[in-house]
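Here the chain labels run A, B and C in written order, and each chain numbers its own residues starting at 1.
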Amino acid sequence: MLTGAEMHALVERMYPFCRSITGDGVRETLAVVGEHIPLRLHEVPTGTAVLDWTVPQEWNIRDAYVADAAGRRVIDFRESNLHVVGYSVPVDETMSLAELRGHLHTLPETPSWVPYRTSYYSPAWGFCLAQDVLDALPDGDYRVKIDSTLADGSLTYGEHTVPGQVGNEVIVSCHICHPSLANDNLAGIAVAVSLAQALAAEKPFHTYRFLFMPGTIGAITWLARNGERVDRVKHGVVLACAGDRGSLTYKRSRRGDADIDHVMAHVLKDKPHEIRDFSPYGYDERQFCSPGFNLGVGSLTRTPYAGYPEYHTSADNPGFVSPESMEDTLDTLRTAFSVLDRNRRFVNLSPYGEPQLGKRGLYDSLGGRSDAKDAQLAMLWVLSYSDGATSLLDIAERAGLPFDAVDGAARALQAAGLLKE
Amino acid sequence: MLTGAEMHALVERMYPFCRSITGDGVRETLAVVGEHIPLRLHEVPTGTAVLDWTVPQEWNIRDAYVADAAGRRVIDFRESNLHVVGYSVPVDETMSLAELRGHLHTLPETPSWVPYRTSYYSPAWGFCLAQDVLDALPDGDYRVKIDSTLADGSLTYGEHTVPGQVGNEVIVSCHICHPSLANDNLAGIAVAVSLAQALAAEKPFHTYRFLFMPGTIGAITWLARNGERVDRVKHGVVLACAGDRGSLTYKRSRRGDADIDHVMAHVLKDKPHEIRDFSPYGYDERQFCSPGFNLGVGSLTRTPYAGYPEYHTSADNPGFVSPESMEDTLDTLRTAFSVLDRNRRFVNLSPYGEPQLGKRGLYDSLGGRSDAKDAQLAMLWVLSYSDGATSLLDIAERAGLPFDAVDGAARALQAAGLLKE
Amino acid sequence: MLTGAEMHALVERMYPFCRSITGDGVRETLAVVGEHIPLRLHEVPTGTAVLDWTVPQEWNIRDAYVADAAGRRVIDFRESNLHVVGYSVPVDETMSLAELRGHLHTLPETPSWVPYRTSYYSPAWGFCLAQDVLDALPDGDYRVKIDSTLADGSLTYGEHTVPGQVGNEVIVSCHICHPSLANDNLAGIAVAVSLAQALAAEKPFHTYRFLFMPGTIGAITWLARNGERVDRVKHGVVLACAGDRGSLTYKRSRRGDADIDHVMAHVLKDKPHEIRDFSPYGYDERQFCSPGFNLGVGSLTRTPYAGYPEYHTSADNPGFVSPESMEDTLDTLRTAFSVLDRNRRFVNLSPYGEPQLGKRGLYDSLGGRSDAKDAQLAMLWVLSYSDGATSLLDIAERAGLPFDAVDGAARALQAAGLLKE
C-alpha cells in the first residue's frame, strides 16, 4: 500500500504525460499503474459501436507551438500539454494574430492560468494560454504548428481485479483522460492504486474491480462490453479529485438509497463532509447510473467536480494536492469497504419470542443489572430486525450502536445457528 | 381577454341580480356571461334525482319588505337582495316586532352590515338587516310581505368549452348562486370569463371546460349527468373569492399530490401565498373531491372561504374587489395552465449510458468548460428521470432548473427521437 | 375500582412477599390479586418446552443469612428478601470473608442501598447488601446459610378477562416476578387490578385480557400456550413502573404505527410525557413484539425501565410510589382504552358527492353562516375519509377535531345508514 508521500510521487511522475481519451499518453499512464498493480489492458478499435456511441479515431501529438516572426515559441506544447486543445487536428500555417485569436482560449479572471479545453467529437484545433501572455503578444504574423495525428487506432483502458469471497462486484472507477491536471484525476488514480493494494492484502468479501478508463467514452465502452458482468456489480464508487485540501464530498447514486449511499454517509458522519443527491452531471457516475443500468454507484471526491477555481486549469498542479488529503481519501474508502463487505442481511431463525441466549453462552447469567453491554443489546437488535431485507448497518443506525458491535453480534448469532444469511 | 377594469365592470353589472340556486337571477347572470363567451345552457327539471339529492323547486321573488304602521318600508328588498333570506316562502302578514324578531338575522359584531342567509331545503322565511337598523325599530305591528314563488321549474347552469389538442379535460368551476356578493363569487365568474377568452386564443393542449353552476346542488347535478365525462377530467380548479386584496391561497385536492397540486405550488412559490391541505368544507371541491370521484381538483381563492370579516355580508360589495387582484388571479391561472399543459411524462428511449448528444447537435463541441448551460443540464436531467411516471415538473424541481428549460429540453430530445411520450 | 390510596395499600401489602419467576411468592401475590378480580391460575410443570425455552425448576426459600462468629446475623433474609440473589442454590458453609466476597453484591455509588440480583438459568448463590454494611464487616469466618430448594414444580401465572362485545382482544401484561420492589412492578399490578375493575363496569367493545406473569419466561410460556389466541390479540400494553413521581413514557410497538401507538400518542399529547420508539430491550414487549408475533403491543411506564437510580434497589420501596401517580396512570389507560374501543374504521356508503345531510336531520337548515359547528364538520370529514382503512382517530387528527366529535359524527352517520363498519 502506498503512503501519502508515495501517492504524491506517483502523481508527479504521471503529471507530464499527454493523456487524452485515446493515444499513447493513456498507454504510458497505464504502464506506470501496471508497475504497482497487475493490469489487464484492453484496446478497442476505432469505429467499434458502443451503446449509442462509436469509438473515435486515436489522437497522438508530438509537438505544437505558436511562434513569432523571429521563430520564438510564444506558446509551446513542450512546456505544458494544456497549451493544445485536446484532439486538435494537425495544422501548419502562418496567420495574423487577429486570425489566430479565434483559436485561442484564456481565463480572463485568472489571467496567469492556462485553461484545459478539448474538442473530441468535432474536428477543430486551438491553443490555450494565459491571458497575461496573450495580452503581451504584439500584432503580426505567427507560425502555427500542431504536429498531431487523428487516425484509426484504438481506445485503451485497464482493469485490475481483487478477487473476493463472492463474485458480486464493487467497482472503483477513475478517469485517465485528463493531461497535466493533478487533482483531476491523477490523485484519484494514485489513491485507487494504493486502495487496490490494501484490499489485496485483506481477501475481501466482495470482488473489487478497478477501472482505469477515459471519461464518458471509456465508461460507455466498458458498459457495452460487459453486459453480463454489470448484473454482478452491486456497488461502486467513481473516484476523482481525491487529493485537494478540501473536505470529502459524497454524491449519492441515482437510486439514492443504495447500500453504498448508506455506507458512505455512515463513515463520513464523524468528519467534515458533504453529501449531495445524485445529479446527471459530473464524472462517470453519469454512465453507471444512467437509467437503463441504474447501478448502486456513487461518487467520492474531495472538493467536487467544477467546485474549485483551479478546476481544469494549469493551477491544478501537483502542488494543489497533498499527501495527507490522499491518505484521508484512502482511509475513508478502506473503512467504507470494510463496512460494505460486512453489511449483510440475515434472517432470524428463531423469531417467536426471544431465543434463550443464556443457554448458548451469549448472555450474562447474573440478572438485575441495569448496565447491559453493547454486545448483548446488539444481539437483541439483530434478532429483532433481521428479516432478510434490513441490513446490519440499518440496524446499527436504528439502534444507535457501533456498526462493529452489530456486526459482531450477527457473527455470534450466526455461529450459534440463530441467524442465516 | 378582459382587462382588470373590464372584469371589475362585469362584477358591477352582475351585482344587483338576485341569484339563488335556481331562478331568473341565475339566468340573467348566465345571459351576461354568454355575451362574452358562448355558453351551453342546461335546464334540469324540479324533481330530477341527482346522486343523493333531488333538484328542488325553483324560487323567484319579485318584492319583499317589512313596513311600519305608517306604511314606510323599514326593510326593503329593492335596496338589496340580501335583505331576504334566500328561498323564503311567500308571506303576507302583520305581526308585532316581538313576533317578527324570530325571523330577523343581524350581525351584532358588525352592526352596520347585512348578513347573507338562505334556507334552501327547509321551508322558512326571514329577513336580514343591519343590527343598527333593528335596534332603531320601535315596538309595534309591522306588515311583512314576501312576494316570492316556489314552484316546479328547473335548475339552470352553463358550460363553456375551449377545445384542446386532446380530449382530456381540465375543469374550472364557479358557483353562481350568491346574490349581491362581489368577491363571492362575481369576481370568480369574471376571472373565469377572461381566462376562457385567453385560453381560446392559444389552442391549449388539454380541453378546458368552464362550469358556471349553483353551489353544491349544481355540482352534484353536473356530476350526476356526466358520469362518463368525469373519467376524462384529469385536473381542475374551483375558483372563488378571486378579487379581494389578500394574497392567493391554494387548497390542494383530496389526493394531495395531484398534478394540479404540484403545478399550483410551483407557480405560487415566488409570490406571497398560502397552500392548504384539502378539507371537506368550502366550495364545490367538496363534490369533485368526494371519495367516489376523488378528482384532481383543487381550489384557488385569494383570502379563502369564510376567512375575511366581509364574507357573506353586505360589505362584500364591488368596492371590496380590485381590478389588480383579479388580474393577478387571472395571470396566475394562465401561468399554471401553461405549465399544466406542458407538464408531460416521457420515456427515455436510449437509457443505457448517455446518448451522444453532440452528434445530434444538442451539445457544445468544446469540452472542458465548467459553465455548462441550463439547456444542456436540462437534457441530462430529462434523460435521467424520464421513466414514464416522473413529470417534467417533478424533474424541474428535482434539478432546480426553470420549468421552461426542462420543457424545452424535452422538446429537443423528443425531436431527436430520444424521448417518447 | 381502587382509589389511589387503595392501590397504594395493595402495593404495601404485597411488598414483603418473596416473588421470583416461580414459587410460593408468586402464588401469594396472585392470591391477593384474586381477592379483587377473579383470576384463572395456571401451573405449568417444570421441564415443559415453551418456544425456545424450558420451564425451569421451582425455587422456594425459607431462610437465609450470613452470621458472624458470634452467631449474629450480619445479612438477614428476614429483613429483606433482596438480600438473597434470586434462585440461589442451597448453601450451608463456613468461610472467610475473603472467600465470601465473591458471592456478595453491592452498589458502591449508593452505599446504603441493597441491589436486586438474580441467577435464574445458571446455578449459583449470593447475597446482596449495602456497601456500608460490607465495609464494616471485620475479617474472620462467617456462617453462610441459604435454606432454599430448587426442585421440579411449576411456573405459575394468572389471567383475568373482561369480556367485550367482540372477541378481539387487548392484553394488559404485568410482570409479577420481582420481590420487594414497589414501582417495579407492584404499582403496575395495582393499577392493572383497578383498571380491570373499571373496565368490567363498562362492558367494553374489545375483550380485555389481563396477564399477571413472571417476566420473560412467563410471557414466553403464555405465547407458547396460546398460539390461536394470539391471532385475536389486536392491541396491548405492557404495564410497569406505574407509580413513581415522573411523567408518563410510552414506548411504541415494534410496528411503530399500530393503533395503540396512535391512541397513546393522542391521549398523552396534552400532558407532560415522552414517546419512544421500540427497542428490543425492556419488559415483556420484547416477547410480544418479537418478529414472529410482532403484536401491536406497546409499553407504558412512568419513568422508564432502568431510568431512575432507585431501579432494582432497595430504594424502590413503597415510599417511592405515590397514590396520585398510580391514579394518573390509571386514568390515562382508561382514556386510552375508551378511544381504542371507539377507534373504528368505516366505509362511506354514499361516496359520490356529499350525501344530503339536511334531509336526514343531520345539518343546520339555515345556510350562509360561517361558524359551522364541529359536529357538522366532523360528519364531512368522516364521510370524506372513511374508506375502510382510515380510522376515526386518523380522521380526527387530520381534521384537527376532538376525537369525541368525530366518533359522534360516525355514530350519527351510521345510524342514518350512510356508513358501515
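As a convention for this text, contacts are C-beta pairs under 8 Å (C-beta built on N, C-alpha and C of every residue); 3 or more make two chains touch, one makes a residue touch a chain.
Chain labels with UniProt names: A, B, C = Aminopeptidase-like domain-containing protein.
Computed from a predicted model, the values in this text were never measured in an experiment.
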Fitting chain A to chain B on CA atoms, where both chains share a sequence, rotation angle to nearest 5 degrees: 120
Interface numbering overlap (same over half, different under half) for chain B and chain C: different
Chain B and chain C: spacing of chain centres that average the CA atoms, whole Å: 55
Residue list for chain A, restricted to those that touch at least two other chains: none
Touching residues on chain A, where the partner in the complex is chain B: 51-53, 85-86, 115-122, 124, 216, 219-220, 223-224, 254, 279-281, 286-287, 289-293, 306, 311-312
Complex interface listing, chain B residues touching chain A: 348, 350-356, 358-359, 365-370, 372, 377, 380-381, 383-387, 399
